[in-house]
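Here subunit A shows up in two complexes: once beside subunit B, once beside subunit C.
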Partner chain A sequence: MSNEKGMSLIVKTVTRLTFGLIIIYGIYIVLRGHISPGGGFAGGVIITLSFILLMLAFGKDNVLKKLNQSRCLTFSSLGALIFLFIATAGFINKQKAVGGKEHFAIFGAGLIPLCDIAVSVMVGTGLFLMFFALVLLVEEKEGK
Partner chain B sequence: MLLFFITIPLCAAFLISLFNRKIKNLSDFIANLATFILFLFSLSSIKLISLYKIIVYRLGGWMPPMGICLVGDGLASFMLVTVNLISFLVMIYSISYMDRYTDKWKFHALFMLMLAGMNGVILSGDLFSLYLFLEMASISAYVLVAFGTEPEDLEASFKYAIMGSIASIFILLGIGLLYSYTSTLNMADISSGLLNKPKGLLVGFVAVLFLAGFGLKSALVPFHTWLPDAHSSAPSPVSAILSGIFIKTLGIYALARIFFNILGISDKILFLFMVLGVLSMVVGALLAMAQNDIKRMLAYSSISQIGYIVFALGIGTPLALLGGLLHLFNHAVFKSLLFLNAGAIEYSTGSRKLSDLGGLNSKLPITGGTSFIGSMSIAGIPPLGGFWSKLIIIIAAVQTGHIGFAFVAVLVSIITLVYYLKFQSFVFFGKLNQAYIKVREVPLVMKLAMVFLAGISIFSGLLLTPPFKDFLQSATGILLSGTAYGQAIFGAIK
Partner chain C sequence: MELHLILLFMICASVAAVESKDLISGVITLSAAGLGLSLAFLILKAPNLAITQLVVEILYVIILIRAIINKDLVLIKDGRWLFNTISTFLFIGSFLIFAFFALKELPNFGQPIMKVAGEYLKSGLGQTGSANIVTAITLNFRSLDTLVETAILFTAIIGVLAIIRKVGKIYDPEKGKR
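Up next, the complex of A and B:
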């Protein structure tokens, strides 16, 4: 092990195996949100949970290199903004926004899958920011 | 058009949080542009409302009892003008004032979210989205109160958050019970549904829950304890918004809308409004007299003036409602002016203790002048705006035979004059404290905002004269129409 931080070898190995699966499951939930249970919020939470798992197993430095606070904030506001724009676009043309020829098809719901993706980005990064804030708060207290 | 009142501030908030680090001072520009556009839109809403009386916007084209709708009518347009006017001027003021704090963009983003929440509360046509917008505005307000991150700011914010959450729970419980009784959340539908059902104990219980919830939000007297802490520890532009329009939108407007238009008003509730109003007036004024901190004094004075508005609602005659709404507008203007003055004093001298200051008129002529106008207007000195609204309320009270209450209202007005004269004499007149010999007047933008507000508070009595009278009367008309509101909205859809 090149990195001594984090939990034991067993946890690290299991995390390495399940990490990708959890992310794929999260993406699946997001993309099929308009035809089956799930959606942007739940999918975003699942994707974030995979990152939190990574953080628990390997220590926070590894994860924060890839996804730091300011990048999280950017993604979060970008997600919200895209969601707002899609919603506003929906008001201009209602038929194209939610209408589709086929029911229960993956491209049968107009703009709603896009909304789901935007929401998942917003919720996921927002939740990660909250977790991050809590972790930092504990660290600062210990520092004092 | 109604939708823009919610999407523009939301869009501004997200843009600010996205681009804050890339370009400096962008957040100032976006926030000011957004509030300016909103102000113009709110002015244009007056014209639209006078043409169509009621505008209903159906979200996604769903018909109202099923779908969500935004409703603009006379009362909503009146509130929109008040809210967006004050937030526009406060935003100009905070360009310079907020430089003292780090992370200025966070203030702008939260401010925009709060504005979106307030506009949403005013426009929403069903109870549950009203609740959502109310929470959105409240949560932003909790954070803004703690913006200074001093220990006392955090304590005030925590207290406010607890009290505010209790209020929200009351309101949510009330909404839930009302939903179970009428099986609809649309305000117009509830209003017409309740007409055909017997008004049992449940509706009375719901009324009590709403009174407690919105009473907490608007800081009527038994529920007022959070307000002085929260309003005095927030940064001054935030205090101006909280005291000027926040408690009125979330408290008084929602209270009036629900009791007058949805549940239907009865003599008992009117009497309760009157008692709560008079109690707030007296307690707020007496507590304000004893304060040494300028912003605490102004906060207690807010409780007292909110009492006047609720008292006017409680009298319930057309004249009283007119006076109440005029007083709501007046109070929004001069209370934000006074809070901005307090901010300006703190900005230049670093203190807001009445006992420390003195003789600042020679050093801060514009702050002194505008705060003199604000103080005299709130104390009800003719011909300033505050005089006319108080006069109308007192005349209406005498007309309906509540001589005792009218007498108390006059007495409280005199007490108000006393503590504002105390404020003036301690801060702006008398001998200059040697520590403040080098004090300089505040930057231009802060002066500009204060002068505008002072100008409005001088001339706001003119709202009673013909060109503007329709604006106030269409708002009063909505309250007077009572539970016919539901029918009116369904009429407007067809």
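Up next, the complex of A and C:
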């Protein structure tokens, strides 16, 4: 990890400390979407924002090594397909879509947590792709 | 009956849009077809969809006309100011009068009609098992709505990536496609 790219040392240290916490908070928001306020959309955006924070602090090359455009597109398509499959399954078998008797458990609400996870994957990687397309590619075109 | 009339109108407008020689008249007839689709949604009792269709209609007509007319629009400033002012005040006045009669029929502030929402609040936890009632509505009662919203977001992302991309086919009239 080269020290020239990105922002100053203070920003890098704070980012390194808070990066994992932000991702854990996003997963918490996604998984408890049917108990407390939140849900798939908000949680996915929080996870994406942590990656964008990492990109702002350390430069874009470190993030794009692990999460490039084609991989993002694969994840986004996968999330959309999973959500479509869950919705179709709930439409066919209506009894399974209804939640159990245990009301405040994480997997106690039928298909809702699974839908939340699929929406979060799709929205998170999709918005990262949007950021990628609107900021990075435009910067590359202006640089040429 | 009205639905069939509107469908006939839409078919005529689409054929006219395809057959018209001028691009701008084609766009205007196409917008007439879209307006008919919005009215058809309204007759089929889907007002939410009708509003969305109308707004999208307006947006794409603006985009298409802006794309077609490359030259600057010629503004006529002199001569018609009296007519313009009088017609503007007439429209504002008639809008205010109709709004006065329409707003009387709305329920009072703080006392909404709880016909559908009351049913959701009563049976939401028991039927879905979700304590958060918003998630229960968006992902269980109105799940297909959320599905189509996700599809719209996905399509938008695919479109943006298709427009802003590095590699692509550039059409060259001398050498053909490359």
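Operating definition for what follows: the second predicted complex is superposed on the first by the 138 of 144 C-alpha atoms of A that agree within 3 Å, B and C clash if a C-alpha of one lies under 4 Å from a C-alpha of the other, contacts with A are read in each partner's own complex, and residues count from 1 in each chain.
Simple rule for what comes next: contacts are C-beta pairs under 8 Å (C-beta built on N, C-alpha and C of every residue); 3 or more make two chains touch, one makes a residue touch a chain.
Everything numeric here is computed off the predicted structure, so don't read it as measured data.
Of the two partners subunit B and subunit C, it is C that touches the larger number of subunit A residues. Once the two complexes are laid over each other on the shared chain, residue contacts for A:129 go to subunit C alone; subunit B is not touched. By the touch criterion stated above, A:115 is placed in contact with subunit C alone, subunit B being left untouched.
Of the two partner chains placed by the overlay, only subunit B lies in contact with A:70; subunit C stays clear of it. In the superposition on chain A, A:78 contacts subunit B only, with no contact to subunit C. Residue contacts after overlaying the shared chain place A:36 against subunit C, while subunit B stays out of touching range. By the touch criterion stated above, A:60 is placed in contact with neither subunit B nor subunit C. Overlap of the subunit B and subunit C interfaces on subunit A comprises residues 73, 76-77, 80, 84, 90-91, 98.
Interface residues of subunit C facing subunit A in the complex, by the touch rule stated above, are 125, 127-132, 134-136, 138-140, 143-144, 146-147, 150-151, 153-154, 157, 160-161, 164-166. Note for the complex: subunit A touches subunit B at residues 70, 73-74, 76-78, 80-81, 84, 88, 90-91, 94, 98. Against subunit C, in their complex, subunit A makes its touches with residues 33-40, 69, 73, 76-77, 80, 83-84, 87, 90-91, 97-104, 108-112, 115-116, 119, 122-123, 126, 129-130, 133-134, 137-138, 140. By the touch criterion stated above, subunit B contacts subunit A in their complex at residues 3, 7, 10-11, 14-15, 17-18, 21, 60-61.
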